[in-house]
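In what follows, chain A forms one complex with chain B and a second complex with chain C.
Now for the complex of A and B:
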């Protein structure tokens, strides 16, 4: 599953049940969560339960699942209940455990799948005369410009200005990037990209959009926007049709307040002349789809506009020389984070990955793995072809190893914050605690002889020790 | 009753560990507990200072400034 799914998961899972119940009143939300967030097994469960009128015994559900896949089953069920999609009755002596879809979710999903109802949840197409010149190409171009502007700002926050054109993102967006610690201001050399910022750059576009939107939602709570309305609007956007105008009239107040920000992100376009409707762009309509093919913005748009557009552009040789066939200032700026460029031509740049340039990137908090991932994701088709012919890796192993070594060079020690437990009264007490710590996955280091161990988190373990003491 | 002590677990080579112990010998401000010759626990708030000191010492001892950038 992609990164974005994980990121949005984490956010969603923090929401209370009441929020979910309100979210699920919108068929578009139920559908979006269903198609974007659930693994296949969970989807199967939901589909099976969808038209079931009575609670379904859990033991019967077990019959559907291969006994070897119990883990997957548990995972799917856990996820479903965390997202408040199913309710499982607590185990009791008299009745067997049963499982049901939560009422709201079931209703909404049925509505979404079979149609019907007056919910306007999938947007209302505007009947006004559509503004001229707004076609797919225009929307793509608009979204690309906005989004690249944001990415460019993130990259350029590193010292040197690449003199990239455009006015850059609006202040609101800049502020957001700082709040999300994708870029930092002050401290070392004025502004700087952070590790989070670099991982942000490496994500596929869809994940980037989600990251930024989630940041925005977190900040929006301070602006006293209702997060339920914000979320359902986003899920609705994901179900709109590209290239169509939608009416603003059915939106709620907070959703209308949201529009300007979405314009900043390039998710929607509002023609200046007529403010009665808005156009979702490709960034918005792919929000909840599985179209994860969009790698980088430009590659994604290339692929979308001209089938099979060039994806990779980087060639790296065993002697650390790097050639990048690109004229995008954004990509060049990203590369220059860890490459020393020597020459720049109209359609390509060439340079070299050196110990110093990589060290520089690492001092910004970018990890070697991130660099390697970036290089391999954007490797030139020629490299990929060669690799598949010889059955070897895409990037020259020497270079990959060296980049890793350069990082290790600067990190002589591995530091993990946490808690050291010591002074156990007897071996039995120690062993019990260690075993428990290992089971909940917080144990990092132990020494049976000295009866000491080190854990990353203490809360659960403290409760465990307390409960032991009581007995 | 077991005790829990907050700190940062540092895992490193014995050589680095001995440098850390040497730094700590000066003012005993860093190490909470030495566990074995590759692991020790450091006070959480002193971690950045320790890293800086370590980097300084390493820079002095290893003089491998690169000649790799010549083309």
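Now for the complex of A and C:
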């Protein structure tokens, strides 16, 4: 689950260093990136470095980290330097390698922890008379309506008429969905859902929000919005408190320009009577929440939506029978993408996951991982409870394996973009590089006989080979 | 292709790192802080600890924190504040300027405010009589409060789902496959805690059972039992040689939770002092007497040879008899001095009739 949400951050990883330096000027952004994007060990490193006055020698870090966890250590360091959070001095003969936090990030995170400064990046609460009737339940209901409107629009484009579902999203959102190729407006069959649209539907809410927001950011440049500004604003929204009114006065012009879009997404609510302030909804305040926290958050969100049913509603048995305690047309529609339903009752539907139904889904471009993630995210509390008691997986392993096998039936090949290394001078050089690539977790394939190997990322390995050449 | 094998089953269950609960037991013994004031005044230490708390909360937004003060005569909650009816009005107008500060993440501001308020309250309600009567701190009470809180938090975290799962109103069921990870950090400044030997060891064993590490950050003084507590619960024990660097120590050694500690080499104590305190005079003893029935420890044979704990009549054998000239006797006495006088047929104290 965390994997799917983290995937939406791949966009950030692609940003150039200058963008990061600008992003890190806001303490709220530094905090959000720290909290949301870093693996656990990397957070530990950052915190240890945060108040360190001198550069930290890499050799000391090795002493601190358990030798068995070298792999995790290297992964953490790699990600940190990719996000421009730490700088590792290039290896040279005179000085030992040291690591330091980049100045901007360190400053901002320190400011975030201690408070102070004049950045106003955590939002200015409004003290004006707060609009009547804006409470948590109202905001949740509002956010749910807006969001389900969007989802309904995507689902309805499959052709299964759900009926109802409010007035649907605004035109701006519709354009965005088309621009992002979540739905297509093909000539021959009217509107259609795309493969991206299917994966969008199967994600959890938080990931969906990010997917849409990132689409929006990518399109924002066309609307003459600065992507850095948009991102900092989103990260700021993530640090606001649910149910409080915030003042619009301190926002920059472009941020104010963004508000209408966010209202369309249901991230922000602006009361009609008073335009001086806005309310972040649960969708906004959980933008930077962790995967583990999201479980509870989405529970709160779903529970607030009276019609949507409880968060965990799917029970799947080892015999592939599936029971879904829901009456939400949206959820049933999503489930029916890969399940053959047999019976429908007022509060539940039952069906079976079959080879044909899964195969059908896969032919639409849904992957087995998406199905499995969806099932485990929405697993009934009873399944989750049993799993935690016995320490086993949430879903029956037979079903999980079978769904994977069904996918593999058709997919005998998996493509991984990357880089091939070959023509090494000698076996020793080859072995050193392979070992290093494996340690930093980029190695995909190797052939010792032919002295070739294949990696997904090349930057660190390039530095490594350069440093080897130096010596 | 290799993805379909047994090892992949558990990926579905494994999620992001579990949130952790950090309970800080802050030793606010006025005597000890007065001694420490030239190097590290309390205000500075609190400021450092606040940053540390914020850092802990920053790591994961489901992380929780609680702070107990172990004062000279009582143990008090600093955060979360115990619900009290009197303080409500006072608090609301004291907090408003802080909390609307847009330059501070609101959860951080809330905690800081509440912690400082209750700490001020605690200090202002401490009378001279309180200070003069005792020089130590209520560590055992504070640890007990911490354990009770952890227990409650754990039940809250996992239990709700099991209780209310049948009802539709299960709003905040946050069941995660891995439960809440809790740990206790004791910031200790006081020395001798021998008079609380039994309660401290009891809390230690309770923590050990619950797999809650007790980390000890020793700023001053030396306590045998806190060393044992951290050793038994696989916590970290650190005696700071330079208390000025408190924050760096906190950030580096004490911030990692159980998950990341697996990957790190934790600072360990070279020698653990395993001595115990006697039950009669609360003295730390190297060699003592042990009741053969209830294993109570005494520094000298209890009066009338009756165990103070279980009231068993103990026969002390020849202990205390004038050393005789017979060489055999001399050997015997040596054995008795060895604490447990096993091996001799007569010497083992047996319950009296």
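By definition in this document, the second predicted complex is superposed on the first by the 291 of 471 C-alpha atoms of A that agree within 3 Å, B and C clash if a C-alpha of one lies under 4 Å from a C-alpha of the other, contacts with A are read in each partner's own complex, and residues count from 1 in each chain.
By definition in this document, a residue touches a chain if its C-beta (ideal position, glycine included) is under 8 Å from a C-beta of that chain, and two chains touch if they have at least 3 such contacts.
The shown structure was predicted, so the numbers you read here are calculated from the model rather than taken from an experiment.
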Check the contacts made with chain A and report whether chain B or chain C touches more of its residues. C
Going by the contact rule set out at the top, does A:13 touch chain B (first), chain C (second), both, or neither? neither
Once the structures are superposed on A, label A:352 by its partner contacts, choosing first (chain B), second (chain C), both or neither. first
Based on the superposed arrangement, let me know which partner A:385 touches: chain B (first), chain C (second), both, or neither? second
Is A:74 in contact with chain B, with chain C, with both, or with neither (first, second, both, neither)? neither
Would you check which partner chain A:125 touches, where first means chain B only, second means chain C only, and both and neither mean what they say? second
Check: chain A residues flagged as touching chain B and also chain C 414
Across the complex, what residues on chain C touch chain A? 1, 3-4, 6, 8-13, 15-19, 51, 54-55, 58-62, 99-106, 108-109, 112, 158, 161-162, 165, 168-179, 247-248, 251-252, 255-256, 259-260, 262-265
Within the complex, which stretch of chain A touches chain C? 1-2, 27-28, 31, 34-35, 40-41, 43-44, 47-48, 50-52, 63-66, 68-69, 72-73, 109, 111-125, 127, 239-241, 250, 288-293, 295-296, 299-300, 303-304, 310-312, 372, 376, 381-382, 384-385, 387-388, 392-395, 397, 400-401, 404-405, 408, 414
Residues of chain B that touch chain A when the two form their complex: 1-13, 16, 20, 32-33, 35-36, 39, 41-42, 44, 47, 54, 58, 66, 68-69, 71
Chain A - residues contacting chain B, complex: 320, 340, 342, 352, 354-356, 412-425, 429-430, 433, 444-445, 447, 450, 452, 454, 458, 461-462, 465
